[in-house]
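To start, the structure itself, in structure tokens.
Chain naming follows the written order as A, B, C, D and E, and within any one chain the residues start at number 1.
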Amino acid sequence: MKYTYFPGCSLKGLGRAYEESLLPVMRHLGVELAELDDWNCCGATAYMSVDEAKAGVLAARNLAIAEKAGPYDLLTPCSACYLVLNKTKHNITDFPEIRDTIHRALRSANLAYTGNTQVRHPLDVLVHDVGLDAIKSRVVRPLKGLKVAPYYGCQVVRPYSTFDDAWNPTTMDRLLAALGADVVPFPLKTKCCGGSLTGTVPEAGLRLTYILLKEAVRRGADVIATICPLCQFNLDAYHDQIDRRWGRTRIATVYFTQLMGLTFGFSPKQLGLNRNFVPMNPLATEPKAMAQRSQSVRGAP
Amino acid sequence: MPKPKIAFYWCASCGGCEEAVVDLAEDILGVVEAVDIVFWPVAMDFKKKDVEAMPDQSIVATLLNGAIRTSEQEEMAHLLRRKSQFLIAYGACAQLGGIPSLANQFSREQLLRYVYEETPTMVNDAKTRPQSTFQNNGHTVTLPEFRNVVRALDQVVGVDYYIPGCPPTPKITKAAVGALLEGKLPPKGGVLAPDIALCDQCPRKATKPTNVSFTEFKRPHTTHLDPGKCFLTQSVVCMGPATRGGCEAVCTRGNMPCSGCFGPTSRVRDQGAKMLSSLCANVASKDEGGISGILSGIPDPVGTFYRYGLAKSLLRRKVDLPTDGDRAKS
Amino acid sequence: MPDPNWQPRIVAFFCNWCTYTAADLAGVSRLKYAPNVRVIRLMCSGRVDPQFILDALARGADGVLIGGCHIGDCHYVEGNLKTLRRFQMLKRLLHDLGIEDQRVRLEWISASEGERVKMVINEMVEQVRTLGPLNLPKRFADWDREMTSLEESIREKEREEAEVVHA
Amino acid sequence: MRIQRTIKYEADRVRGFAKEIMGVSGCEQLQSCIQCGTCSGTCPLSIYMDFSPRQVMALVRADFKHEVLRSHTVWLCASCYACTVECPRQIRITDIMYALKQRAIKEGIYPKRFPIPILAKEFSEMVRSKGRITETLLVMRLFLKANWRAVLSSWRLGLGLIRTGRFVIRHERIERRAELATMLDAAGNGQVKPKEAA
Amino acid sequence: MKHENSNGDVRIGFYICHCGANIAGTVDCPAVAAYAAKLPGVVVSRDYKYMCSDPGQELIQQDIREHRLSRVVVASCSPLLHEQTFRNACAAGGLNPFYFQMVNVREHDSWVHTDRAEATAKAKALAHAAIRRVRFHRALETAKVRIHPDVLVVGGGIAGIHAALTLGNAGKQVYLVEREPSIGGHMAKFDKTFPTLDCAACILTPKMSAVRSHQNITLWTCSEVVKVEGYVGNYTVTVKRKPRYVNEELCVGCQECIKACVFKEGKFPDEFNVGLSKRKPIYIPFPQAVPQVVLIDPERCIQVKTGRCKQTCLEACADRHAIDFTQKEQLVEIKVGNIIVATGFKLFDAKRIPQYGYGLYPNVVTSIELERLVTSSGPTAGDIVLRDGRTPKSVGFILCVGSRDLKTNRWCSRTCCMHSMKLAQLVREHTDADVTVFYMDIRAPGKGCEEFYDKSLKEGIQFVRGRVAEVTDWALAPEEEGKLVIRVEDTLAGFVRRIPVDMIVLAVGMEPQADAQEVRRLFNMSCGSEGWFLEKHPKLAPVSTFTDGVFIAGCCQGPKDIPDSIAQAGAAAAEALALIDKGYIEQEPNTAYIEEADCSGCKSCIPLCPYTAIAFDEAKQKATINAALCKGCGTCVAACPSGSIRQNLFEDEEIFSEIEGVLSYA
């Protein structure tokens, strides 16, 4: 199994723990990732606000380079990148004016995109290509008794996702269950985390983050699992401000790939878990403690 | 009273039609008795200039066989048209284009190249091709021009009657000549044969049930042909239903399916299209894959449905062929 | 040189029950489509004699569209199936005779699919436009030109002879 | 309490604005909006908006350009696409929001309170020159330009990032920056052209 | 070609209709008339404002007399609309009606094109084609086919019941076929009906009983139509009668067997109460069921499934011997002249909109579930209760669930507004709960409906205009704890609201039946793109289909309320009666025929005819066509390899000349 890998800016910056956990997990499962040559910013939400055509060109450059790299799907962990690349792919087929602009831009750099390269999310690849059975077979330290709230965020499931439902996605639920976790029913799994508004309009953006955190705590989750670097940042980095505004709702938010890595036997540090503001409950990361914990859970009334 | 003057001429055809005249056997004596043959290059030594010298319309009837492929044939067709009261297309080639008109699937250039260069039996290192004029010992020798398109006779000059067949049977030839001599001809433009399809006279007709549908098609050489059963019931394409009768079913009596040489009835404009329509509608399958599987048993639709009639079909010729075979791409 | 004013000419044979009705529906719904298609109404696509298609092409149509009920929905049980069978062979025949596939099209359009009438017609007009004119009458005339030249030369010769006689 | 006149006159409309927005690829469905309010109901941020997304749709369709471009709504859109997915008329509301943001930025009309337009501009400039985004540097520049106080209030966050090794101070960049610049130039002068230029 | 010259000199009259501006707005009608005037054979060529009007038709008749016209061509709308009108005009003018040809320059030209020059050119070509074609027309006679007087009604909902009764009362024999064990359909499940609030059972039950006791109606429940052959006036229909394991003639409906069943309690979800109660394997669908006969569910009955039951039911039935485990499925063939299809609708599955939490939150119910709760004969004896038995203090109604939504069904289900208001009023009547109705638009156009809306408002029902975005159970405020929370924009107030309620009622819309496509095929009907059966004309022939003698009534044609369903059922019955009482139907003379002298007897045509109209005459050794059986498809005509089969109205020459005509580009 081979994929071209498009990390996106976040995975080299604020979301580096995502990359730090994704790469070893994939390697462990025998999935080969080749980083896209000279990739550029996907075009992202902020760029679309300025110039949608140019945002499309940015995305199309990546798609074109990926297509040149071979018949491999483009693995895109960041939700925003996933959305923008897929959106551009759709726009090229659906709208002739956009197609013309993008093809003109690509031609100016001797690039071409025929639409063959598919954009895939690691969650999609892990559940549908690798398969839950293969993943299960690698689990050496199951997340027994760990209550996880699966949080998908918005842009992976809306509106261009091909692999899961926009309202009630279940791929991560099933994946976490395969890792042995107790998956908490989390009705807010696709609600918005506030995106960049947490920084720009904190009174609005942080409230969304707060609602997510509060509901996860209320439902008894030990940890929130996420698939998006911006979601992880928002849910992790603003606890101080949220505490000040609405009251204390401490809960760790980690990448689903970090949880996978733990069950495969990687150390927390190898997986970038040390980068969290709110650390994941150490009990969960210690195999011995985990065993105790699961016992105590079993023993609980 | 002078005997009526009759002429025979032979254009692009195999010569079978000339043979057919001879096949009148002893009856030919009666014909010869009754008429004065003024022109018959295959049998008698008259020259073109003899014909040219005749007054216009002085020949009562000319039986011309063969399609029109060369400039010479065209020229003779025009000449004989002028000199004859009745010009009669004799045989499938003159009537429909015949087997020579299957060449309408290829350009002139393709044909010449194949015949003079690519045929396995051809030795022609210099790649010499026939020229319309060349010098030989100080003489200019000319050859007729080879046309781009094969035509039925009526696509070149007006034709009064048609005698169908490849070749016409002695019986219909005799009947036609008889009618001519007795002045009992039908209105002009008609085919001098019954206007009903072959099945009417086919001895196998009764063996065909009323529910024949095709689950496959076989070609005569790939199967043992039952001499007593309708060919269509044996999954072998027989053009009989779409072909004018009058031949007395000589082929089906000889255990070969009809291949359509008598052409369509007067009610049909395109014999091949009609046969295709009838045959395919009765294919048994109800899904696209199954249908095309069954129809693949007919590998050459043009050769099957237009064996004698491509020139007179609605499309006449492969439509994307160049008109000028020498210059355009083949 | 292609004529810049050339517009595709397409003859359509629509069955009375489905496709003709669908075309009526397109009209009632005021959908807009290319004016290049002229419809001939038949009771069933099974009435479409392959001769009609060849005749339309020979008379100058650049394309022929046949519309019938969806398979399984024929008003006459299986008329459209017979059309499909003929059509498969006819396509092969036309291919062998040098006529491009897109020029002759068979579509199943039910009475409610007014939109589809519009879509199919517009699409086909564009495809045929891309292919350019078929214009068989002109091709026939081109083929016949080598004959008329002969006729002319004969007439020429006759005139000369007449003059000689006169002289 | 200040009393304001809220009546609108025909002169307040900017004729052709609706047509222009609906001419943007993907926005044509706005024509069939039935004002059901699903977009507002489903929007996580509509509770902060001066005009609900549904009202923005109505304003656009009625050519109230100034009202729309001055509203906070477009700047509060977090692009979560919930409205687009839920709309019973399949209107691509998020894309309409983008089209409105682009126009507001182009015309320089936007509420000074929100630094989002500045973020967008800084973002695009960084992409243009470097090909990639270095988030921490982008945020620094944003704060410098927009809001000094925010820097002060966020110092703890910055420290945290440094502590967890996530504060990147070297620019990420691509190699073929010239190629990218050529492409962006070739894309044209900015706006996606409306289909029917009035 | 025999027919080519048989018509001699023809004198053609050509008319093009302006149809107000419908045609003249796009097509230059005078120019087309002027063009036609120059075509060979045309002696009169006119354009006129409305050809279908009386003066328009009079114009044709006058010209036939004055100009001795032998052919008439009218260019106007679709022949499917007015061909008969103009044929009649020709006949009135003394011309055989089949000397007429129609040109469609409206539906196929002026309405679908915008460029005047192009549309005019197309009109000219189409006119040219008809003028060429009409030359070959021949005088024809219509054939008459006898109509079998019996009628089949498919579906025993209110529409089917009403149609059957109407026909039965008119003295016609009717077969009413229903696949469920009782007739009554959806209406039987309703408590009251809007806008009059009269009791559904009170008005429906007498009609149901009337069906059962009617001497002219044969009622077959647990039955389905499986095959339909033939044509208008002469259908042969095969009905599959499924076993109910109880002899209908012998059962008196005492229900002792149900009491005696080895299952002491109901164990299986009761279909009639949409799963809100349980029933036994032997049961009666509902107290007022017609026929009043128990039945056995073969999927549940131990005896049917394993043959190893104590069969206590048999004992209870005692010497009536009504229970019969040996019953087998039967196929019955009947002959009818007309068919009325009233197969109804299916309710939208609310699970398809997960945002509303149906199936997830127990107190989110559908309108039909509430209907059963509120009925005094229902599972709670008329108490509106939550799943835990409490009485709700607040109820929200969400409208348009699965309606007016491109992601599910785009159409308006037409009854949900009124249905919800009715239920809302009933909730107010039965409880003191606050009721809020969430709507996009209130559609109350029916008679008495606006008044009903007003009544709802006066009864204190809250109306919030806004399509509900989601229903959740997570609280953001203290009053929301333990409640279902509706998040919606109150579009009239202009802000988003969160409204906590105890019970949510989803007003689910109507959908075509799951097997609508199979049923459509069975009866040779069409479906619209949305899946409802398609009427022949939305205004002029609302209960007819494209197949003569097959009519539609009720919700199988599209969502409608009870009064409209009954009106349609009556209309369908009237259409059938009109045919029956006429006694015969005139057939379009478009039959195929064989020129006997030309036929070679190749038999290629014979297997092609789906109606076995072609036979082989052994004596003559020729094929022959039985005109009475021929439906005029023309498949055999196209297939005759020697061109010996011809078709009236669609002769080869007519079509060849049309081809030539449409390719004329003037």
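Keep in mind that, in the parts below, a contact is a pair of C-beta atoms (placed from the backbone, for glycine too) under 8 Å apart; a residue touches a chain by one contact, two chains touch by 3 or more.
This one's a predicted model, so the numbers in the text were calculated from it and none came from an experiment.
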Touching groups left behind when chain E is ignored (all other chains fixed): A, D | B, C
Between chain B and chain E, the fewest steps along chains that touch one another: 1
Interface with the most contact pairs, given as the two chains involved: A-D
Chain at maximum distance from chain E, centres defined as averaged CA atoms: B
Label of the chain whose CA centroid is most distant from the centroid of chain C: A
Computed distance of Cα centres, chain D from chain B, in Å: 78
Separation of mean Cα positions, chain E and chain D [Å, integer]: 49
Separation of mean Cα positions, chain C and chain B [Å, integer]: 28
Centre distance in Å when chain A and chain E are each reduced to the mean of their C-alpha atoms: 50
Residue list for chain C, restricted to those that touch at least two other chains: 46, 49-51, 55, 78, 82, 86
Per-residue multi-chain contacts in chain E, two or more chains: 355, 608, 635, 638-639, 652, 656
Residues within chain B bordering two or more other chains: 268-269, 274, 277, 279, 281
Set of all touching chain pairs, with the criterion as stated earlier: A-D, A-E, B-C, B-E, C-E, D-E
Of all residues in chain A, those that touch chain E in their complex: 165, 167-168, 187-188, 211, 215, 218
In the complex with chain E, residue positions of chain B that touch it: 195-200, 205, 208-213, 240-242, 245, 264-269, 274-275, 277-279, 281-282
Contact footprint of chain B on chain E as seen in their complex: 1-2, 597-608, 615-616, 621, 635, 638-644, 652, 656
Touching residues on chain B, where the partner in the complex is chain C: 71, 74-75, 78, 105, 147-149, 151, 155-156, 268-270, 272-274, 276-277, 279-281, 283, 285-286, 288, 291-292, 295, 298, 300-302, 305, 313-321, 323
Of chain E, residues touching chain A in the complex: 354-355, 472-474, 476
